[in-house]
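Note that the chains take the letters A, B, C and D in the order they are written out, and that residue 1 is the start of every chain.
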Amino acid sequence: METVIELKGVVAVLGSFPALAGVSLSVQRGEILLLQGPNGAGKTSLLRVCAGLMPIERGTGSILGIDLATNRQDIRTRVGLLGHTNGLYLDLTVEQNIQFWASTVGASQEEVANAMSTMRVDGRLAKVKAGQLSAGQRRRTALASLIVRRAEIWLLDEPHAGLDAAGRDELDALLRNAVAAGATVVLASHESERAAGLATRTVTVDGGGAR
Amino acid sequence: MEDASFIIGSWVLTFVAIGAYAAFVIRRGRELSRNATSEEMPWT
Amino acid sequence: MSTFEQRRRVAFAVARKDLTIEWNSRILVNQVAPFAAIIMVLFAFALDNEGILQRVAPGLVWLATLFSMLVVIQRTFAVESADGALDALRVAGVDPSAIFIGKSLALMVQLFALELLLVGTAVVLYGVEMSLVGFAEAIVTLLTATVGLACVGTLYGGLAAGARGRETLLPLLLLPVVAPVLIGATRATEAAFGSGGAQVSEGWPWILLLAVFAVIFAVVGSVAFGPLVDE
Amino acid sequence: MNSAVASPRGTGTRNTRILGILTIASMAFLALLGLVFSAEDRDQGSSVRIMYVHVPSIWVAYIAFGMTAACSAIYLSSRNRSLIWDRFAGAAGEIGVLFVAVSLVTGSLWGRLSWGTYWVWDARLTSTAFLFITYLGYLAVRRLGGTHRQRARRSAVLALLAILEIPLVHFSVRLWRSLHQEATVATGGTDVHMDGLMLFSLFFGLISFTLLFLWLVIHRQRSLALEDAMENRGLDAAIEARREEAVS
């Protein structure tokens, strides 16, 4: 198996607070890894480090074989992160948001249409401004714009939050499809029962470390 | 005499400003070096 | 590795996105433009003398532009950080220089519209009169000054936005840098307006200064934007 | 740890102490030269005595800002990106701001005596004021927080931008002033006819202020290094505390 995420003793700080206090983690291609742990354990920071968003202060790490310390910019094009925030422009409509993200990677109109129908944000919803959507609808829009980015590693922070039962089923199916197509998924979730059914492995994050 | 007070004033001001800054730098250094190890003070 | 073609596509996507946001929200039209117009009226209250107003109209136009520009820049980066879109852009690996060019382009369009409004206000409220050549010169001045302002505004706006909660830093960083634009654009506009007996021909050297400023900050900005905003 | 507790050493070494004594001695001698020995100027009278602190101050400020830019460039271009260059840049920037402020104030006092006004909109004065504000912004950006490397990169880029901006501002302010006839007020008043001793005093002032600058920048760099080290140590403790959370 190919190792896509390799962290050794990674420390990452928010201001002067060590959000990650020495995390070592190894993830193989094709895994669906569930991060569990209490609030403030460092799950979000761990995902942000893997996305190349947070610089690492100490330790070493590589994502898809690219060094986290030196080439974070190169990593970012190949991973997709759905954080606490959705990364949407609230004054753009659902369709305009997804179109924008599609145009940054050069995705086709067909891919946009597919992503929108997969996440059920097509039709009437497509013309609504993101600022007027419900939490679950925003989450689905964010997932749709994640789909068009064709990431190799999906990093998802509480992806189930705010989704209704049907939406959760669709998300699970989507992730399984993505993995079948060669992607890797790391997700943090409080919905442990549902996520455990989906995950191939579970890691507990606590006190800025992983076990 | 106005001239003299301006001249003395500018000299005094210059030296007071620099002196105060120098004192700040030295005191900060003393304070911080109290607990510092040799590795943290490569100049010693 | 992003090719030139990719970068151009992303830059235009970013510019179109920012302009669509303005089109959807009409913040510039409904809030910033009235604010700019109010500044012009307040100037008239403060300098209550028609002769003076006519004489200093060019300076007032550009001062009002700078103040409104601060608001516009803060708005264009608030849009990015409202729902973590700037983070999303960074994760998407979008080339920072393309973001810089795109956001600058959108800012140029918005600033230019704002300046046209301000010049119009000066003509109406302050009794400014222009010859045809003067009018052409005013337009060229607006264009070159706008390019410089937009580039430098995007550059420092990004820096201030990257440091969360420290948006108040923007005026301190930005206003000293745009001093050449204020000087150059004011003199060129004076020539165009004929304020204080200035000749139209006196304006062109100042426009050259504005052009140099614009070129320098367009080039430097696209290099420096990444390291300043990233992290 | 033990050796550190034994004697509080501060940021000084034998060499900086020698430099410090030299600086103090030459400052005292400069005061004698400037305030007692040197003659009054033919046109300006005794007010020329302000020159001996005013000109060296702005001289130091220029050296300091030059050093900030040079160290920032070295930081960005060096392979290992040693933070010592960032700290030298920061130390020099801070000292530069102090000396620009001193020269602005002494300059306006001198101006009051020789031109009868504290401030004229002369090109050099105006662009010096901009210099001051620009580097205040630089120092503000250094204090933004984040990791040391973030601070170093951000402020280094900003320092290079400042170097680019200064000539532009200076040039445009000069163009701006050249249109106004009153500009001669500034240049006309500063015509100082210097005899040998005055010239020597001024030259001596430049040297002793340069010594002062070196002494300050070395000490400041070291105390900044200590600040960074203490922050790192705070991080070590915080990491320990963070790990404890998991055990409980």
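Please note the rule applied: a contact is a pair of C-beta atoms (placed from the backbone, for glycine too) under 8 Å apart; a residue touches a chain by one contact, two chains touch by 3 or more.
Just so we're on the same page, UniProt names per chain: A, B, D = Unannotated protein; C = Heme exporter protein B.
Fair warning: this is a prediction, and the values are worked out from it, not measured in the lab.
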Taking CA centroids for every chain, report which one is farthest away from chain C (Heme exporter protein B).
B
Nearest-to-centre chain - CA centroid comparison
C
Could you grab the centroid distance between chain C (Heme exporter protein B) and chain D (Unannotated protein)? Build each centroid from C-alpha atoms only and quote it in angstrom.
32
Find the geometric centre of each of chain B (Unannotated protein) and chain C (Heme exporter protein B) from their Cα atoms only, then give the gap between the two centres in Å, rounded to an integer.
42
Rounded Å distance, chain B (Unannotated protein) centre to chain D (Unannotated protein) centre (Cα mean)
13
Chain centres from averaged Cα atoms put chain A (Unannotated protein) and chain C (Heme exporter protein B) apart, in whole Å, by 36
Chain B (Unannotated protein): positions in contact with at least two other chains
none
Taking each residue of chain A (Unannotated protein) in turn, which ones touch at least two of the other chains?
55
Find every residue in chain D (Unannotated protein) that makes contact with two or more other chains and list them.
145-146, 150
Going by the touch rule stated at the top, which chains touch which?
A-C, A-D, B-D, C-D
In their shared complex, chain B (Unannotated protein) is touched by residues of chain D (Unannotated protein) numbered 1, 3-5, 8-13, 27, 31, 34-35, 45-47, 49-50, 53-54, 57, 95, 98, 101-102, 105-106, 109-110, 112-113, 212, 215-216, 219-220, 222-223, 225-227, 229-230
Write out the stretch or stretches of chain D (Unannotated protein) touching chain A (Unannotated protein) in their complex.
145-147, 149-150, 231, 234-235, 238-240, 242-247
Residue ranges of chain D (Unannotated protein) touching chain C (Heme exporter protein B) (in the complex, touch as defined):
130, 133-134, 136-137, 140-141, 144-146, 150, 153-154, 157-158, 160-161, 164-165, 168-169, 171-173, 175-176, 179
If you look only at chain C (Heme exporter protein B), which of its residues touch chain D (Unannotated protein) in the complex?
155, 159, 163, 166, 169, 172-173, 175-177, 179-180, 183-184, 187, 205-206, 209, 212-213, 216, 220, 224, 227-228, 231
Using the touch definition from the top, list the residues of chain A (Unannotated protein) that touch chain D (Unannotated protein) in their complex.
11, 13, 15-18, 21-22, 41, 55, 57, 206-209, 211
